[in-house]
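In the two complexes below, chain A is the common chain; its partner is chain B in one and chain C in the other.
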Partner chain A sequence: MRNVLRLVWFDLKQELKPPVWIIMEWAVFLVQVSVYGVMISQLVTGIDNYFQFYAVGLVIMITFDMASHTGRHFVEHAHEGRLPYLLSLPISRTKLFMSIALQGGAELALMLAVPLTVTLLIIGNLTWVSAVACVLALFFLGFGVAGLMLGLSFIAFKSSDLYTAIVTGLSTIIIRFSTVLYPFIFLPPQYASVALFSPLTYGSDLTRLILGFDPSFLMNPYYAVAVLTALSVSTLGLGLILIQRLVEGVKSA
Partner chain B sequence: MSEIRVVLAIARNDFSYFFRTKWLMAVLLSLNLSDMLVVALVYKRMMTFDYFVYFVPAVIIMGLFAASMDTGRRIWLALREGVIQYELSLPISTHGLVIAYLLAGGAAALVYASSLMAIALIVLPAHAIWSAFMLLPFLFILAMGLAGIAATLAAVASTHGEFFFAFQNIVQIALLTLSTVYYPIEVIQNYLPPALIIVVAANPLSLAAEALRQYTFAGAPIELGFLAKILLASVPFAIVGAFAYLAALRKFQVKGKL
Partner chain C sequence: MYAVETKNLTKQYGKTYALKNLDFTIDENEIMVLLGPNGSGKTTLLLILATVLKPTSGQAKVMDLDVTSQSTSVRKILGIAFQEARGFWRHKPADILRFHASVCGVPKARRDTLIENILKDLELWDARNKLFMHLSGGQAKRLEISKIFVQRPKFAILDEPTSQVDLRGKRKIWAQILKLREEGSTILIATNEVREAEYLADRVTVLDEGKFVVCDTVRQLKDSIIGGDIVELEIDTTDTQIIEQSLSQIEGTVKITNSGANRFKAYVSMAESWVPRMTDICYQNKARILSIRITEPSLDDVFLHFTGRVLKEESR
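Coming up: the complex of A and B.
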């Protein structure tokens, strides 16, 4: 476990010196909530208090961004020749995979610290149980998306350009065709059927349900838990299998 | 005469590099098209106000903005990868090199925004399509101004990538949230202090989005005074950007690094 933690810290400390991206992400969140969120919620009349709905949506987007960053980071390692070095270390592939997942988790926790606290303060009237359950739901979603992106990262061994194009295009579609920014009932039927395939639909609706939003415009929580569990287990399992098959000397194309 | 040819050759090379960057095209197209065809449509269903009509012209300006800002990334890459050393060795003055990058940035953004406009004209009926053609030269100047901002950021950040992207993010958020791209000025007036409302009204993105909404899609007659405002709001950015990049290149020529 000490080796895993050392590897996590080895990468994490580079992100913290200086922590430009973390502070940036917090500042962007605060501006988006306090300016864009307030203005757009004055225009939205379809639901009560769109401001709170939007704040939770932003937290989900940060979770998604960080989780996809884990996959991109893995590809960058391959591209820069760092992956062969990591693979040559005297640790098992499982531990290496664990260190990647833990690093993603630590980065997510850092990135979410301020946005989630502000969102919980905006919503107010919460119990410790709901706050903890919300954090768990976000991490659950984060691991699922990270697993998906790690799975996709193996495309990069064929072409890193193609990988970046697929991941960035897919990321936008996954966010837009989901309930991150708007409730499911407002989606036109043809978009709603696509939104059912987006993991963010289930992650955001489950988080909102935990935070006390009106369940009438949210997805069934049992489906949400089932989908998120299936996603996390299957994609992380797939990533674990694929990393076992990586041979030393592999390089991103 | 030969200098102009070299300027155009460098501009053409940078222009084609923009469209050849697959991931960038994937990001820009997926973002802008999903904003236009998904976000605008769904928000319309959540509002009593026709947000689709309001937001679709703004997406064209957002595309123009994002494509112009990519000039900064290309300049930063040229500085980091040492391409700039090769370009400085070409038979071209430093002024010429700066002009080439700004021209390429403006042209790439205009072509990209025009493609978005073509899609917008399919999904949203326009009352005066010819007005769109009249606005193109002004959008080109605006794009060069925005490319100037990006060039300034690239020159200030020099080879520090994380700072360049952080600066770019700050400018993007500031210019887009403090504009009428996403929400009408009436909503902003209820919330922001008077000083910021002046900033929002003078923001070149607000002016360009308003021009497209009024003149192309609503069919109002073009007011020359309004077009002059777009020029006045854009040209200073282009000049500041050109000088900042020029200063960075001169420093590079003297010291060999930034």
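Coming up: the complex of A and C.
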């Protein structure tokens, strides 16, 4: 276990010396909430206090970005030649993948620290219980998204440019066609039918439910939990199997 | 027990064989050099032994541990220096080595001293706090191999350890490799530099197109080329015909050519036993030897002899 923590810390400390990237993300969040969030909430009618809805949406988007970054990071490691080195270290494959997941989790936790605190303050629900429940829901979503990116990694072994293009395009669709910024019941039918396939729809509605938003605006939480569980388990499992087979060259034969 | 043993080891990419039915062994505490041109399967073999790649079929064992079913145990006793040092762009050499040493279980008490000594020896001490991405190609390569010298594994795998390194650096790396062997490590080196192979190898395995060609000591490989040694002679004599005839009758003579008035070129096997016989003949015939030059075959010639192809275009 010490080696797992060493692996996590080796990379993580680079992010913190100095933590420019993290501070920039926090700053972008604060500006977006305080300027754009305030403006847009004046324009949106039909939802009580859209400002709060929007702030949670931003937190979901940060979660999505970080999780997809973790999945992509692993693929980049393979391309940069770092993965063979990691695979040669005296650590079991399970622990190696665990360290990658932990690193992603730690980065996500760091990245969310300020946005989530601010969002809970805006909602007026800054308690340990709501914070912990919210973090769990976001991590749940994060695992699913990271798994999705890993599952697509087989494309990167054919062409990293194609992988980047597909992942970027897919990310745009997943965010836009979801309930991250608009409640499901207000979506036009065509838009809503696509949003049903976005994991962010379920992740964001589950998070909002935990934070006490009006359940009539949101997806059924049982569906949300079921979809997120299925997504996390299937994509992470598939991703790990694919990665192992591709990286270690088993599939190639 | 062999340090490394492979049986019918095969690695296939689609229809292409990177390795085909490879059987080979390395003794404990031996330096084995894999010699072959690019694409001969050297790196694939190293990566399979390092458990980074899985074989398509066949078996490979390191210190009696199967690389597929006991891969974590194998990784605990080996260290690998890759052909190209990549991947830690934003880390510093000293940090990279410290991390590597800690993950590989180098005792904390020895870690800093070892790292300092290796960095100084390989002339990386001044660059220890530079970011990896700012290192030169040679420095990055020396850092890659430094990991092995800090780790001091029981089984060390080195993929082209001195490519991109200048001659001075090469000598330092070679000295460290020999020191590692003195401490009891078994070492497998892949290279296409014949000088490196000749300097370091206890035995050389020649690979070509993923297949095993031959394995022996450098001396034996060279001696296996019939007529591979060339002895150039200049003799002060009036009767060149008698001398030429006598020389051609010495055991091991393949061909004698007369390349000038008193100059001969003899293609012989094992010049070390041929030359004393030649001097006896000259003495008996009152012929004075004015000059003598012996050229033995290089590992390039060995490769050419066994495969019919040149090892490396630039070494021609």
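Note that in this section the second predicted complex is superposed on the first by the 239 of 253 C-alpha atoms of A that agree within 3 Å, B and C clash if a C-alpha of one lies under 4 Å from a C-alpha of the other, contacts with A are read in each partner's own complex, and residues count from 1 in each chain.
Here, contacts are C-beta pairs under 8 Å (C-beta built on N, C-alpha and C of every residue); 3 or more make two chains touch, one makes a residue touch a chain.
Note that this is a predicted model, so its numbers are computed, not measured.
In the overlay built on the shared chain, the residue A:Ala55 is in contact with neither chain B nor chain C.
In the superposition on chain A, A:Arg82 contacts chain C only, with no contact to chain B.
Of the two partner chains placed around the shared chain by superposition, chain B is the only one that A:Asp161 touches, whereas chain C remains out of contact. Of the two partner chains placed around the shared chain by superposition, neither chain B nor chain C is touched by A:Ile123. Once the two structures are overlaid, the count of chain A residues touched is higher for B than for its counterpart among chain B and chain C.
In the overlay built on the shared chain, the residue A:Val31 is in contact with chain B alone; chain C does not reach it. By the touch criterion defined above, A:Met66 reaches neither chain B nor chain C. Interface residues of chain A facing chain B in the complex, by the touch rule stated above, are 18, 20-21, 24, 27-28, 31-32, 35-36, 38-40, 42-47, 50, 161-162, 164-166, 168-169, 172-173, 176-177, 181-182, 186-188, 191.
Put simply, chain A touches chain C in their complex at residues 3, 6-7, 10, 14, 77, 80-85, 87-93, 248-250, 252-253.
Listing the residues of chain B that touch chain A in their complex gives 22-23, 25-27, 29-31, 34-35, 38-39, 41-43, 45-49, 51, 162-163, 166, 169-170, 173-174, 177-178, 182-183, 187-188, 190-192.
Partner chain A is touched in their complex by these residues of chain C: 11-14, 47, 50-54, 56, 71-72, 75-76, 78-80, 82, 84, 86-91, 95, 99, 102-105.
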